[in-house]
Structure formats: C-alpha cells, structure tokens
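In what follows, chain A forms one complex with chain B and a second complex with chain C.
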Partner chain A sequence: MIRNFFIILIIAGLAGVFVSLFWEFGASDTLTPLATHYANNGAAEVGAPNLVTSIVVTYRGLDTLGEVTILFLVAAIISFFLKVEKKGQKMAPPRVSSEIILTASKLLVPVVLVLGIYVFVNGHLTPGGGFQGGAIIATAFVLLLMANPRFELNHRIIAAVESVSGMAFVLVGVLGILLAGGFLDNKILPLGHFGKLFSAGAIPIIYSLVGLKVGSELSNILSNFQDVQKDEL
Partner chain B sequence: METIALITSFVLILIGLYGILSQKNILKMIVGFSLFDTGLHVLIVTVGYIRGGTAPILDQVTGTSNVSDKIVDPIPQALVLTAIVIGLGVTALMLAYALKMYQEKQSLDIRDFKELKW
Partner chain C sequence: MNLLILITLSVIMLVMAVTAVVHKKLTVAVLATGVVSLMASVMYLLMAAPDVAMTEAAIGSGLSTIIFFYVLNKIRKAK
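Up next is the complex of A and B:
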C-alpha cells in the first residue's frame, strides 16, 4: 500500500515537472548556428541530400563508429552470456509452423532482403540508412527462424561479414586521413553529381558497410536467443 | 504540431516509469523501459522542431541555397538515430539477463530474487 503511494507520488512529481516544462516550451523559429552551418553548407561540403545522413556519417562520423562498436559489444556479450554447451541435444521435435507463415517466408524473405539493401544503399538520398537497412535485413532472418525453428544461421559467414565490414569501415576512415581532410572524411572519392546514387563521396560505401555489419550483428543476436530456446525444448 | 508531440512524449515517459516501478514481472518492466526510451526519442525530436519547417532532406522544395530557413533541426534527429540503436542494445541485454534469471529460478517475478536485497 505504502509502496503504491510512493509510486504515485513519484509519477505525480514528474508529471508536475513536465507540465511546467510544457508551458515554458515554444518551438523556435530559427536554427541554432551549428545547424545553420550544416543546412547551408551540407550540400556543397558533403554532397548528400539527406542532411541527417551527412551529420551521422561525415560531420559526426566518429560517433557512428562508436555506435557500431557498442552494437558489436552487445552482440559479443550476448553470445558469450547465452553460450550453449553442445551437450547431447535432447531436442523434442518442434511444432511445425503454419502453412501461412511457411509460404510467406518463401515469398517474402528475398523481397525483404532486397528492401533492406535498397534502404542502406540509398541512405544518402532518401530517409533511411545503414542502421535501418540492417534492421530490415535482420527481420528477414526473424521470418526464417519463425517459419523453421530448426533453421541455423551459418555462424562462420555471419562472423566473416561482420568483421570484414567493421574493418573496412575503419579502413575507409583511415584513408580519409591519408587522402582527404581527416578521419572518416568522405572526399576520398569525388563528390559526383548531387542527388545521384553514386555521389557524396564515400558515404554510400560507409553506409553499406554499416548496413551489412548491423544486419549480421542483429541476426547473430537473434540466432543466439534461438539457440538457447532450442536447448530448453 | 509540437504540442501533440510534446504531450505524447511526456505521456509515454510517465507510462514507462509507472510500468518500471509498479510491475512485478521482469518482462513487463523491460516493456516499461522501452516505452520510456520511445518517449525520450519523441521528446528529443520535438525539441529540434522549427515552426513551418520541413524534413531535413534537400529536394525541389528546399533547393540547395538558404536551406536553413526551410528545414527543421537535423542534429537532434541524428542524435535520436544513435539513441535508438543504443536503446536496442540495452533492451537486448536486458532480455538476455531475464532469460538467464528465468533459467536460474524458473520464475520471472522480481520478488523471487532476494539475493541483493537488504
């Protein structure tokens, strides 16, 4: 009883803070100076129509490298933590999936994979990018796992894709120091024609590498959860 | 416009906090954390809203010169992209811990885990 009272007290206190914030808040009419610089010079300096992408990949590229590293750490910790010893697999035969999901997985998995690749390749032109495309690719593996509970990802291929794309990401960044203005500078390749697929320097390459890395990492996490469940059947 | 988004984010944060504090099932607490996370993302994007601005993607509408008058702030959106990925990682780790805790005691009720309680 007293516990519930305290919970309501905390929620009410926070709600009071929010109400006063709400009355104070007004959307501004002008951008901050930093955002103004990005908006006015982003097209000339980076050459990507999607300004969010030019910030994520080029202006703040180091943050994105850190973000990819954190995701890698999560995948590594989970696979270490949920490691299954291959003791005499006492697997009961899993329930067969329904006809609908079996047919849907055959039909949809290639389409979803192509959509994911489209999203990360076009990350500098349209909304989307490496992280979103990688997440879409991982959903294709969710569908495969749901349709066929015995399905096993080839861990060797996943690990190879993940480490090669991660290394290549860092390599492209180091090339930026050698050939252009600094770490992860996208001008190691010509900026090209504004708004075309092969433009904005190294951004399509970096985002494709990020997409492959995120897709393989998320698939790895999912298959680790799947392996643990298999052990319990 | 910004009013709706602001109210949505505050309500999501409050629902998430209530879920974290009041629920006994670990999985429901993780759902609370996810709601809290989503509310924060909506809040950060709302703070970057500029009255009458459009999405920060250069096309025929914005042109390529004097863009700063026509778009919303792209920096909070880039930050939220990072925050979403980190939130995903945190949720995956919490779920992995919940799975291990279930394997330990065959229970997901937080009241059954008393080892660190004093």
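Up next is the complex of A and C:
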C-alpha cells in the first residue's frame, strides 16, 4: 500500500517536471549566433556542401575523435568479456541457413559493402559519413554471419585496419596543427573545387578513416557475439 | 499531408513502444523496439535530418535488434 503510494508520488513528480518542460518548449525561428556563423561561412571556410559533415569533422572534430574512442572502448570491453578460449572442444554443427538467405547473401553482401564505402567516401557531399558508412558495412557482415554461422572474420586483419585507421586519424589531426590552423583543421590539403569528390581538404580522408574504424569495430563486436553463440556438444 | 504522416508514424511508435514493454513474448518485444527505431528514422527524414536518419536506421533498427537477438538466444540456452 505504502509502496504503491510512493510509486504514484514519484510518477506524479516526474510528470510535473516534464509538463513544465513541455509548456516552456517553443521551436525558435531564428538561428543562434554560432549556428548563423556556421550557416553563413561554413561553405567558404571548410568547402563541404554537406554542412553537417563540416561541423562534425572540422568545427567539432575533437568530439568525433572522442566518439570514435568511446566506440573503441566499447568494442574492447565486449571482446574482453565475451572471450571464449576453448580450443579443441567439439561444437554442435550449426543449423543450415535457408536457401533464400544463402542466395541473398551472395548477391547482396558485395553491394552493401560498396554502398557503405560510397556513403563514407561521399560524406562531405551527400548525407551520411563515417559512422553511417561503417554501420552499413557492419550490416553486410550481419548478413554474412546469418548465411553461414561458421564464417569467421580474420581478427588480425580487423585489428590492423582498426588500429592503423585510428592512428592515421590522430596523425591527420596533428598535421593540422603543423601545416594549418589547428588540431584536425582540414586545410592541410587544398580545398579544391566546391562540390567535387576530391575537395574540402582533408575531410574525405578523415571520414574514410572513421568509416573503416567504425566498420571494423562494429563487425568485431558482432563476430564476438557470434562466437559465444556456438553450441557445446 | 506531411503532418498526417508524422502523426501516423508517432502513433505507430507509441503503440510499438507499449508493445515492447507489455508483450509476453520477448522476441515480439525485440521486434517492436526495432520498429520504433525504423519509424523514428523515417520521422528524422521527414524533418530534414537525413544524416541522423541513416544512423538510426542502420544502428537502431539493424544492429541493435541483431544484438538483442544474440543475447536472447544466449540467455535462453543458459536457462
């Protein structure tokens, strides 16, 4: 009785907090000073048609580095806790996948991989970027793992791709200090022609590195989950 | 027209969110959370945020649903 009373009290209190938030909320019609600066000068300063990318990679590049680091930590912790070292143990044969998934995976995996690479290479021109492209690459691995459960990613290649792209990301950032205005400045390369694939300075390079890193990390997480699914005989 | 689509999507999202909480079968609940993310990504697209929509569609409704199913399979075997 008294427990229910407290539950209702807490729910009513939360409702009060959120109602006051709801009544005070109003969509603003004008941009804040910082957003106005980005909207007016973003194309000229960074040279990327996709303003979101120019904010994510150049103006707020340090945040992106932080996000990539957090994702790396998550992948490392998951592989640490899900590590199974049982060599020589007999495993039950996995269930055979249906013909539809087998055929679809043969047809679709290369296409989805190319789509992911397209998304992160064109991150400065079209919507999308490193994180989105990396996630699309990881979905290709999902399809591959569903079609043949025995499929194993080569962990050495994954680790090499992941660490090399992470180090190269930081290296490009440090080059920005030496050659241009500051850490992760994209003007270490010429800005080029606005709207072309090779333009916007270092943004295509940085986003390709982020895409490779995110794709390998997410694929690694999935393959770790797949490893612990195997039935013991 | 746009407003109508948005209202329909949000109603579906609310129904699916309640389904995810109250449904007896865990597989149905996991699929319902995936549908919530999918509808959210369509909503982001209609509100002119395609970058967020791509992330939500790939991670929210794709990868996290798969990871939920992996975990569900694992804890069922452990029982």
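Here is the rule we use: the second predicted complex is superposed on the first by the 214 of 233 C-alpha atoms of A that agree within 3 Å, B and C clash if a C-alpha of one lies under 4 Å from a C-alpha of the other, contacts with A are read in each partner's own complex, and residues count from 1 in each chain.
In this section, a contact is a pair of C-beta atoms (placed from the backbone, for glycine too) under 8 Å apart; a residue touches a chain by one contact, two chains touch by 3 or more.
Bear in mind that the values here come from a model prediction, so they are computed numbers and not experimental data.
Contacts of A:T139 after superposition on the shared chain: chain C is touched, whereas chain B is not. Shared-chain residue A:N154: touches no atom of chain B or chain C.
After overlaying the two complexes on the shared chain, residue contacts for A:A43 are found with chain B alone; chain C is out of touch.
After superposition on the shared chain, chain A has more residues touched by B, the comparison being chain B against chain C. Shared-chain residue A:S20: touches no atom of chain B or chain C.
Looking at the shared chain after the overlay, A:I10 reaches chain B, while chain C stays out of its contact range.
Once the two complexes are overlaid on the shared chain, A:S28 sits against chain B while remaining clear of chain C.
Once the two complexes are laid over each other on the shared chain, residue contacts for A:P127 go to chain B and to chain C alike.
Of the two partner chains, chain B is the only one touched by A:I55; chain C is not. Chain A residues in contact with chain B (one complex) as well as with chain C (other complex) are 50, 52, 127, 129, 131, 221, 225, 228.
Across the interface of their complex, chain B is touched by residues 4, 7, 10-11, 14-15, 18, 22, 25, 27-32, 34-36, 38-40, 42-44, 49-52, 55-56, 60, 63-64, 67, 70-71, 73-74, 77-78, 81-82, 126-127, 129, 131, 194, 214, 221, 225, 228, 232 of chain A.
Touching chain A in their complex are the following residues of chain C: 50-51, 53-55, 58-59, 62-63, 66-67, 70-71, 73-74, 77. Residues of chain B touching chain A in their complex: 1-2, 6-7, 10, 13-14, 17-18, 21-22, 49-51, 55-59, 64-68, 71, 73-75, 77-78, 81-82, 84-86, 88-89, 92-93, 95-97, 99-100, 103. Listing the residues of chain A that touch chain C in their complex gives 50, 52-53, 119, 127-129, 131-132, 135-136, 138-139, 142, 218, 221-222, 225-226, 228-229, 231.
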